[in-house]
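Two complexes follow with chain A in common, the first pairing it with chain B and the second with chain C.
Let's turn to the complex of A and B:
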């Protein structure tokens, strides 16, 4: 680490001491990447193309469901560049076409047509398309050169120049209210064909002139068996439309020009064909899928009427074509291995994948090797959103875990102790059985420690001889152990696709992954740490509650967060929808916290539900309270547990839904510590904080959206007694409301509809200058309402998410971590959000170090904790305490994942890297000797005086 | 609606400490919600019910009647009867087993009499029976309304609130409730106080800015300009006269 630039060489003890506290807040250039890392993701692939423009190209182009167009290095899987469009339907990528150096994209349901330069990733041009929902698009070639692109909308077809995006012509489609136009095709002639269908009646084929968009031909073919062109028809060979009849399992070949019908025996509904170059006709071979694992390769004969079967593939899940030069290969994925077949002679490559991540997409790239044989590369997108790139002999070149682009929730778990530490811990954990065995046990663990130490020394000695660069500690699951200050933790991340990841927080490497099958796409996840790493012989235990949003039915997945392995503990069966889950501080005999699940009949299931736990629950039942919130009815209600694990409703608060609706409810984090009970004011009296651990912050928004009448309501409700502690209304305001609830304060952010700006408001609760009961807090015995202070500020930016820092003991001052839409994460000192900031500076306020009130909250660029490492579409920020009081671990997730450390009160408990040990020790020694010498001198002097 | 801006203005002047505006029983409260319903309702009454059972199954009985007055000025009062001998004994028994004393009021609107009857459901709150007994039935009941005058919650606390296990010997202490009744309307959260801040900034600017502006350029830097002019005059006097001085002065 570079010494802070503003510090001069420390010359005295005082300066050394002081320099510990004065450290610049921003990151120095050489600190970049030392404590932080970022990983960029793109999401699930919708379209993928290989850059076949040049032989040595290593580019790969992807368009994803997160509205991202990205380019990868196909050798390493690293991102070259990435374009993040608007989230939601406005930025949806409808189609991605690649030709030469141009990548063409239709965006936002047919709103925009874009052309990208694939070399640099720059935008060539962008054209706004006429309104209408997008159906299909294809390149249109003329005399072997591709010059146009045709875009088919619901009621119109338009032709655009490839060079500048200008529209050549646009034509309305005839009878577009009855005919569903679904496909557009060009085979390199002077015509563009549009295929439409009237379901179960007939097929319409219109040929447009390329020059002026005139209709050259228009035909209608009786096809009462056909319902959709898209799913059951392909163009094969020289303009022959091949359709499959799903009902009678017949295959129809439909030469577009001659319109002759030919029936040949066929079966199942999916056809796969390939058109290698837009200027030429599609190849005459095509696949017919007969069942989920049965494909047949067929060939349309040169006469255009007869079909010959080439080869039968069973079992085969996925098929794909790829062309290089004059050669076309068909790739077939079979369940055990993957075979790449080149016309007739088979080359195969094997790679293994678990059957639970059945791959839904397959992209094959064929290329000519130097000896003119054909080589293959395969990109496989599996169901767990992993993207795997395979080379011909079956070597997995790289894998990208794109599921991490959609992290839903996460927890950080302490790493286990090292083997030797655990051995010592275990010694104390075991039951004492006599003096002699204990001595033996102690001796054996000492021997083990000695062994470990010798091994460590040997390793040091061995590695010292090697060049420095090679000594790189690879983090593997075996070598995982807690560091001195507990700065390295295991990040357990739950993604929307149902894949769980264990990531090392120091390096960002994925240490384990586990794919949960049968997770519904609308599932809600809640991750609970039931047992931490602190109880050594027992492994740590996490429980994931997976709840179907519609039915409310839930299931539990219990696993070890360090290794990702599923626990052998059987979770309880949950036949009824789950309304609420709560983690009790009650611990069973194996040190696992008890999880209570409340179902829709207000019955409680405990997990684990051993006899010990049930007994404890019975004893504690009358002091276990919980709350339920039904935001659709505006109903908040509280319950108390009975001895027989049934519940009784004890309070009810109803916010009429005609006036306002509950948008968010937030309690406090259970692992939060507050060090200081109060605040010392300027006159030396103490203002005590109202620290109610059961307090809920309920945020509502008005149903009336009129800017003058809209409001945001903030209710502070006690979760045990249902008492409304505070009720405030922010007038002329609307959401989205982001808020943080911690200690004795709530900070919320909203949109001011009158002034059209974002505003921050802070509420702080104080008991006053006297505590009611200083020893213990009970919601049932706190009759006086707290004083509430509130102040509001203007914030010059919209925000996307907000979280507060968290430290081990709560001594360090708090910062708010604010995720901005720009991807920056702002560390805003809570000091700026203090309702006691005075309007007019007085002696007392200066004494208290209160910043004078200013209506606008500053955004300083040095407060961005992620400097230029922006986190695209930041969705959540997770904070965790570390073993160092000054340090808080931060993970921001969204499209990207960013991990760093923050020091809200600077690193007051850490010596700097450039700490001058030599100086301080020499000063100490000098002082020591000086006292020795002066003592001796004084003695001599005293002796002399005595003799006199 | 005219009352809204005025209330904001008031709010922007009062200092930052917002103590919950709690208005006590039978007192009129200035409603800040600005609904502006001019019709002055004659008060209406809703039942206040309570339940205390040894087996903790709620069986609500009449405790008293709440007299509510909506409209511009909200007020509430409570008339309640004494506890019967039987009730007193039950309450003591419930307190002995650490049972709950629950109260409930129906959901009503203070402003809109039409919807009052349509809304179903109750607002419930509880307090430990032992603390009610030990406080000699002195309780504080608070009713909360939302911006449009609907009752949204009720709460009950006793003073003192703790259960210390002291026996209440005197039966007379458990006869009549000593109730403090409060109705709380939502407070308006403050807006950013820009006007005051700008005013203050202006004053500071004036303080700091004025003496500096009054001094002219020449008045400030005469000690540099005069020697320069003199120097130029001295050096220029040998060849030409006056040219340099004119330049210096013109700057």
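Let's turn to the complex of A and C:
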């Protein structure tokens, strides 16, 4: 492949020269993991089980809200294996049961029953269940061996063999239209009990025979106080059903008995019990939760009728049971010092760990130590989706930040210069105060530089004496500094749970994290970099706009992206719902870019809003425009800022919502540089690009989903004037549309319903062979519409996301980074998506290096930038320029996070990795000495000849 | 110009004072011994130095010599012009592709006329004796200029001259944007 598209002849001489340094595009084996890293996540835990099968087991099994079943190493927190099921309700994990080596899972709302081998993570079997919504499942044991699993659906119960998943019997539940069956229980006898409830009327208990599914007993108990079995009823002791009356707080054992306890107003009491082994009855101790932070440990006496309170825990957030051998442990988490308290029936021990986030889930694993005492391990999941594994003395063994499984948005921020570099830079920033102090200042900074250099040398010397393995290059916030080519950056990631992370792009280590409390689960985030690290001594500044979808109110979180600390700058109060934000290239006296926030009355709030800024805004008001798109109304409107920071609507475009709805809009990235203003034709004339910085690509989809009438529309609208520059309608096409808008082109991908294939289409805009105005671009003065070229290609795979590479100066050719559902990230040269690709090859097109048009777009395996490091469920790709023109930093996020570098035009500005310095320098030295020697010899010879 | 016999006194003889001097340097070979001994068998030494028994050519400047000089000068002056057909042939053969050999040839073709024009004064010295010196000089420089024009033409046909708008494309600055615009979907 040839580097940048087409260039003039003198430049191509350089290309020939540089092509001597060309590297292969694919990764070499020894480069694996050198510039890239991947982190795998699983998401928020729904079910967790410790492998208690063998004593020395290190396994931990999790089922998560991302439809993932995973196994962890409990010593290190590393992933052993992971099964990623379909996203969405089709793959939801309803329940995870663990028995011995088998992990049983009901998937997709009772659609499938799966059994996994916990050792290897392989699938033992999979059984398709009858339709009906899933209610409950449990293991069924017979004579101390667990052979079956019972699955309760809304209207049926079925029993399956544990070995092969075959159905033993299935029975319809009687009166399933009135009775809500919610629980299934087996205590090791010959019966399976199903519990159903008619809310506020009575409780139904049906006992099925294990052998053939016949109803042995059916009993109805009056329970007008009971509305749901799930949380208010548990089976305790030898088959005694314990229910709690939410209204009067009476505990009903069957038969009924009441107890005097107080419940917090408005709280639904919850019962917690434990059945250590499916073949045996549950233990007779149980917890009753009376308030958000109040639990009582109760015991059902042996007579089965009386309840004795054992201990009152207040405050206590979470309780959990765990059993090993004959011993059962209850764990209680008290909030005072975030203490995890252990209580083994009577004896108790206590240890603590600190956390600033409320933990909603607690899992305890008790195990017998070698000396027969009981040891504990605790897995805590906190509200910020972090999983913490704690060992007995309160030592945190590992922490996993599962919030990173759901990254919403991210930015890459340059690292600051080192202290010494900053010292030098600062010198130029300060005001000049006479010659002599300046000289002194210069000398002092030179001395500091010298000191730093000596310290560095000393460190090198010191580390050289250590054995090789011990030298660790640990990255900490203190040692962070920009590298020579700005290849290492700070990744600021915002996750759906409201937790912010600062990740070092080189190693992937989390350098800081900050949990924003009170963030709604459906909140919308917008991350804005207001000040970069370039303005020492002012710290860099990022602003996160958080908008609550329900109330529409927004708040700003201003922080330093390098250290994660909240800034002392007070963000403005935003009493009205915020519609959009707009970052201006205007800077205040502290070099922070001005952020405008538009509220629902189209009034504008500036942040920062100092006098200086307001004055600048007044001066520039007439050239500040913004647009708003209301997808639900099909409305695009443009506004102009007035001097008093109010706005006036200057244009409006309505796309009728009955026909089509706006799905996405994209302008150009503000940090994008276009080096070449045109394209060189075969006859060496120039076709100038239409580089409208105000151009918007608006994508619509038809509301009619019929394959014959469905269509996808792409509108190119000028955001200042509202003029529709071009519209492209793809008939018989359906979304989801993925698109990239950059330079003078838009690439979009859609599903062709007629040919049933994925297609890529590219639009390119050109001004023609003459530039209308080469010095300034104003949307208000553009009389001519651009020439639009379009071409479409067949793509052999569906895609999940798409982004274009970005480099410092925009000289390097562009590639499209395409995330595929397989988890691969494809680096597709933009060259292949060029509407000027000719159908018939001519002299000119060959001169231009245009590839002849072929409808099929190839996928070459060497284009996968992540080789076998697949990124599950790629949701977004972020690209950032580095200090090297050839290099673009790429972060792909989804379930996993993958960071790498790409070189779209190969590494033309870097020597090869395996460049033979030794050979070259030895040859140079050899030649140098040979010259010296031969010069001397020649002198001697000349002298001798002169004497003759 | 050869001047036979012009070096008559080349052999310095100190024989006359051989008795009075302590030593003598005899530069002429064979004269150390008595002249009479070998006069009979060695004929060449009996002639004076510079004597030639062949007839001496007529060295007086004649009309034909003048013509010869003229001719020689014209040769020099027409040299560059004569090379042009040859250069044209090389140009045709080397083609318009950009690779190392055509580039080297173009460089040679361009460099030689320039070099020749630089050393014009030396060439004028050669043409000094001609009475058409100025005309010849003119022809010579015209030839060289033609040669370099040919080289430029070759560069042009190879596309090495920045004569197209595409060659200046890299120097076009991106236009300054007059409006600031932003926004998006309602959050």
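Simple rule for what comes next: the second predicted complex is superposed on the first by the 858 of 948 C-alpha atoms of A that agree within 3 Å, B and C clash if a C-alpha of one lies under 4 Å from a C-alpha of the other, contacts with A are read in each partner's own complex, and residues count from 1 in each chain.
Criterion: a residue touches a chain if its C-beta (ideal position, glycine included) is under 8 Å from a C-beta of that chain, and two chains touch if they have at least 3 such contacts.
Not measured: the values here are computed from a predicted model.
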Once the structures are superposed on A, label A:780 by its partner contacts, choosing first (chain B), second (chain C), both or neither. both
Looking at the overlay, what does A:923 touch: chain B (first), chain C (second), both, or neither? neither
Partner chain(s) touched by A:686 [first = chain B, second = chain C, both, neither]: second
Looking at A:910, would you say it contacts chain B, chain C, both, or neither? Reply first, second, both or neither. neither
Between chain B (first) and chain C (second), which, if any, makes contact with A:452: first, second, both or neither? neither
After superposition on the shared chain, which partner residues are touched by A:648: those of chain B (first), chain C (second), both, or neither? first
Determine, under the contact definition given at the top, whether A:526 touches first (chain B), second (chain C), both, or neither. second
So, does A:87 touch the first partner chain B, the second partner chain C, both, or neither? neither
Is there a shared patch on chain A that both chain B and chain C touch, and which residues make it up? 773, 780
Footprint of chain A on chain C - complex, ascending: 98, 158-160, 162, 164-167, 169-170, 172-187
Residues on chain A engaged by chain B in the complex (per definition of touch): 622, 637, 640, 642, 648-656, 659-660, 711, 713-714, 717, 721-724, 726-731, 752, 759, 761, 773, 780-783, 785, 787-794, 835-837, 839-840, 853-856
In their complex, what parts of chain B are in touch with chain A? 4, 8, 15-20, 22, 56-58, 98, 100, 102, 107, 119, 121-128, 131, 140, 142, 144, 146-148, 150, 152-153, 155, 157-163, 184-194, 196-197, 200
Using the touch rule from the top, collect the residues of chain A that touch chain C in their complex. 8-13, 16, 524, 526, 545, 547, 554, 578-586, 596, 598, 620, 623-631, 662, 664-665, 667, 673-678, 680-681, 684-686, 691, 693-694, 719-720, 771, 773-780
